[in-house]
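In structure tokens below, several structures.
Here come two complexes built around chain A, the first alongside chain B, the second alongside chain C.
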Partner chain A sequence: MSTPDVDVIVVGAGPAGSCAAIVAARAGLDVVLLERGPFPGSKNMYGGVVYPRILDTLIPNWWEEAPIQRWVTRRSTMLLTDTQALTIDFRSEAWGEPPYNGATAFRPDWDHWLAGHAEAAGAQVLTDTTVVGLIRDPGGAVVGVRTDRPDGDLRAKVVIACDGVNSFLAKEAGLYEHTDAKHYTLGVKETLALPKEVIDERFAVRDRHGVDIEILGCTGNVNGGGFLYTGLDTLAVGVVLKLPKLAAQKKRPEEIVAGLKQHPAIAPLVQGAELKEYSAHLIPEAGLTMMPKMTMPGMLVAGDAAALCLAAGIWLEGVNFAMASGMYAGEAVVEALQANDTSATGLAGYQRRLSDTFVLKDHRKLHRAPELVLSDRVQHLYPGMVANVAERMFRVDNPHPKPGLRRILNEERKKAGVRRRDLLRDGWTGFRSFG
Partner chain B sequence: MSIVACVKWVSHPGEPHDERFAGMSMADQSALEFALQQGELLGQPVTVITVGPAGADKVLRDALACGATRAIRIEAPTTAAGTDVATAIADHIADAEWVWCGDYSLDRGAGSVPPFIAAHLGAEQALGVIAVTLLGATVHATRRLDGGRRELLEVTAPAVVSVEGATARLRRAGLQHLRSAAAATIEVMPATTPIHRAEFMVRPYRPRARELPAPTGESPLDRLRVLTDAAAASAARGETVHLAPADAAARIVHALRDWGYRDS
Partner chain C sequence: MTDRIISFQERMDTAEFRVHHQAHIVVDSRVCADCSTRECVIACPANLFIPTSDGGLVFNYEQCFECGTCYIVCNREGAISWSYPEGGHGVVFRRT
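For the complex of A and B:
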């Protein structure tokens, strides 16, 4: 058997890959971090909210140097119908101070920053290099990767696959039992430029404070959701769409984004903005249902490649799961190499760490949530029902006396065509997930 | 030191303030590729040289990964004047036989560094070359002239050749070379003469507006040909003169003034 060129190969310099490389390199291992783009983050289109609390141990006081756009101090959840909008709006000044909560960020900046830490820790970052396959020994264990460069084979004791949502490495290794389009959504996003002062005024924020708006009921007949985030002098507005529904409706995603931007509740917020960028990306949204086997002899999978993305309605998180899984993968590899055991047993510390921490605990707790949130009732019936209830509650209809909430609820439920038992079942599912 | 490739670390026109997008222009990549091919043909090492700040090490490492054997960076800001850049380079490659450059940089576009290097070295020059044939001791180069004409040059050492970006495609570096280049030593040297800041011309290079008569011709195609000068392309309107360098320079300046490119 050939001698390994390095101790660890990390494939993909996203949040998972860079965190894995930081941990492994700081432990003194010889680490190569391979990135297919011209620089870490160059292939990324994400412009959402990052929750970096997990970095507290890896990069103390990360907030003093992290390339964020705005600290999220306002979180809104919005229910839309064609003519109505019901918003639950929360703001906390505490989220605008250390140690902060979440921040809007551009991933090209974020990933570049994290990869810089990996390089500073001693990892060798090689860009413009695409991994095209795995090298395996006769027993099936992964012993390296094949790249698209001449003389492009690189051997290692362990490979950490952080190659994103369509992880060709995890699929080649057979870690995904099956993949199904229904487990994925398509995220499409427009980046709109507006002067900072205009954003501050429209969204009622100051300085580096920003807003995260998650929206339900804005995607027509296609199940999904919408979002609007404030950057420093940009807005990210877009939708996340369930793939099979999108295909069945034969609608273009940009039409759905255009519809969202024209909604009476959104249009004043984006009015006059200049379109700077349009991009799209797949998101692994099915949580536990779609997760692959996390380890095999000589290889671990982390981040989106391991479907570690939490899409549970009021929680839309991915980067924190990626960073955490990358860190735990790095720790497990260090442990395995110290024991000189890169078999599935030797790498089992990774699965143990995922199971013992929020990474899989959150997914277990919320495993029913993705299906519930993307269900037809939640998508197409409940927004209108709830908005109508609110409208009737707040409407002053004199000389008629105010109706009772129970009566309104019942009438609107029937008008929406929602069966009582379905409503109770969904409520119970929601309570079990979020309660 | 006999074969040298001069490259420049230049910002991307679309992202001029973001170093992540900076790199080597297509023209410099072509020049490097020809230098490497010539090195292989003659069995000689290839030195790559640049003038710039520490960030410019990136293009040198890229060149090393592709096969260059030595990398030199002359410490200077990115705003260095072209004449000073040429002087600094020439001082460090005095024994070079072949110097390969891109025809002009993306950020300035004057194309002045290659001829200045040639002047410093007392070398032949073939500038703005669109095709190259390497023939051992000589190089056959094709230059683009006005009116669709071409100039074929036989170049012998010592020479400076500047090439257009489409003349060659830089080879893809092997993975092991890429790894070793990342750890290779870059020789950082000071400039031997003072480096001045480039003075930029705010007026674009273009002649004064001239009144043109309406094109004549029976058909739209005929009139179009007159407008675009295509019909006259094959006619020998130029002249070949043999003059001393100073007289030739004066003749060129006179012609530029006559054509409206210079006011005085």
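For the complex of A and C:
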């Protein structure tokens, strides 16, 4: 068997890959971080909010240097029908001060910044390099990768696959039992340019404070959701769409975004803003249902490649799960190489760390949430029902006296065609998953 | 003030693509010829799959976001062969 060129190969310089590389390189290991784009982050997009507290130990006072757009101090959840909008709006000044909560940021900026830390830790970052397959020993253990460079084979003691939602490496290794279109959503986004003062005024924020709006009921026949985030002098508006539902109807993704932008509650917010960049990406949406095996002899999988994305309606998180899983993969690899054991047993520290921390605890706690939020009733019946209840609560219909809430609820439930026991069951599921 | 409606081509031109001469996605039009559902046509966010008047399907790879939607929604075995473009090529999202 030929000798390894390096200790660790990390495939993909996204948030998972860079955090894995930082940990491994700081421990003194010889690390190569491969990136297929011309710079880290060049292939990556998301809606726009990152929750970076997991970096507290890795990069103390990260907020003093992280390339963020605005700190999210205002979070809204919106239910839309064609003509109505019901919003729950929360703001906190505490989220505008260290250690902060969430921030809007562009992934090309964010990922480039994190990869810089990997490089500073001693990892060798190799861009413009696409990994095309795994090198395995006769026993099946991963011993390296093939790249599209001339003489592009690279051998290592361990490979950490952080190659994103399509993870051809995890699939090639057979770590996914099956992949199914229903486990994915497509995210499409428009980045719109708008002067900072206009954004501050329209969204009632100041300085570096910003807004995160999650929207339900804006995707027509396609199950999914919408979002609107404030950058410094940009807005990000877009939708996430369940793939099989999207493919089974006639509206194209950009037309669904256009519909959202024309909604009476959204149009005044985005008016006059000019398209700066249109982009799209897949999201592994099904959580535990789709997760692959995380380790095999010689290889670990982290980030989107391991389907570690939390898409649970009011919680939409991914970059934090990627950074954490990358970090834990790096720690497990350090341990394994110290013990000189890269077998499944040697790498078991990774799975243990995932299980003991928020990475899998949040997923276990919220495992029913993605299905509930994307269910037909939540998507197509409840927004209208709830909006109608609110409209009748607040409508002054003199000379008629005010109807009681129970009567309104009952009437609107029937009008929407929702059975009482389904409503109770969904309420109970929601309470159990979120409570 | 009403906002100007932009064409799909203008929309795609806002993103940067470093096109490689070799296609990273290959579509076998023989397999697609008798497909009536054509999931890729609606779902591809870059609108790269265009039905032709004679019932065929024309495909461009140049302005591809490399998202993977097409091969995941496709119901036909072997219709879409998908891999990443050569290193350094394909979509390049913008830094600020």
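Please note the rule applied: the second predicted complex is superposed on the first by the 434 of 435 C-alpha atoms of A that agree within 3 Å, B and C clash if a C-alpha of one lies under 4 Å from a C-alpha of the other, contacts with A are read in each partner's own complex, and residues count from 1 in each chain.
By definition in this document, a residue touches a chain if its C-beta (ideal position, glycine included) is under 8 Å from a C-beta of that chain, and two chains touch if they have at least 3 such contacts.
As the structure is a prediction and not an experimental result, all values here were calculated from the model.
Student: Between chain B (first) and chain C (second), which, if any, makes contact with A:95: first, second, both or neither?
Tutor: Once the two structures are laid over each other on A, A:95 reaches no partner at all.
Student: Is A:42 touching the first partner chain B, the second partner chain C, both, or neither of them?
Tutor: Both chain B and chain C are touched by A:42.
Student: If you stack the two complexes on chain A, which partner ends up touching A:229: first (chain B), second (chain C), both, or neither?
Tutor: neither
Student: Quick check on the superposed pair: does A:129 touch chain B, chain C, both, or neither? Answer first, second, both or neither.
Tutor: In the superposition, A:129 contacts both chain B and chain C.
Student: Looking only at contacts as defined up top, I'd like to know whether chain B or chain C touches more of chain A.
Tutor: Looking at chain B versus chain C, the one contacting more residues of chain A is C.
Student: With the two complexes superposed on chain A, say which partner A:32 touches: chain B (first), chain C (second), both, or neither.
Tutor: A:32 sits against chain B, while chain C stays out of touch.
Student: Name the contact category of A:151: first (chain B only), second (chain C only), both, or neither.
Tutor: First partner only.
Student: By the touch definition at the top of the document, which applies to A:328: first (chain B), second (chain C), both, or neither?
Tutor: A:328 contacts neither chain B nor chain C.
Student: Of the residues on chain A, which ones does chain B touch that chain C also touches?
Tutor: 38-39, 42, 108, 112, 129, 147, 149
Student: Please output the residues of chain B touching chain A within their complex, sorted ascending.
Tutor: Per the stated touch rule, the residues are 20-21, 23, 172-179, 182-183.
Student: Of all residues in chain C, which touch chain A in the complex?
Tutor: Residues 1, 3, 6, 8, 10-12, 14-15, 18, 37, 39-40, 42-43, 45-47, 65-69, 72-73, 83-88, 90-96.
Student: So in the complex, which bits of chain A are touching chain B?
Tutor: So the residues of chain A in touch with chain B come to 32, 38-39, 42, 108, 112, 124, 126, 129, 147, 149-154.
Student: Name, in rising order, each residue of chain A that touches chain C in their complex.
Tutor: 36-39, 41-45, 67, 69, 106-109, 112, 127-130, 132, 147-149, 165-166, 168, 179, 181, 184, 186, 188, 243-244, 246-254, 271-273, 275-282
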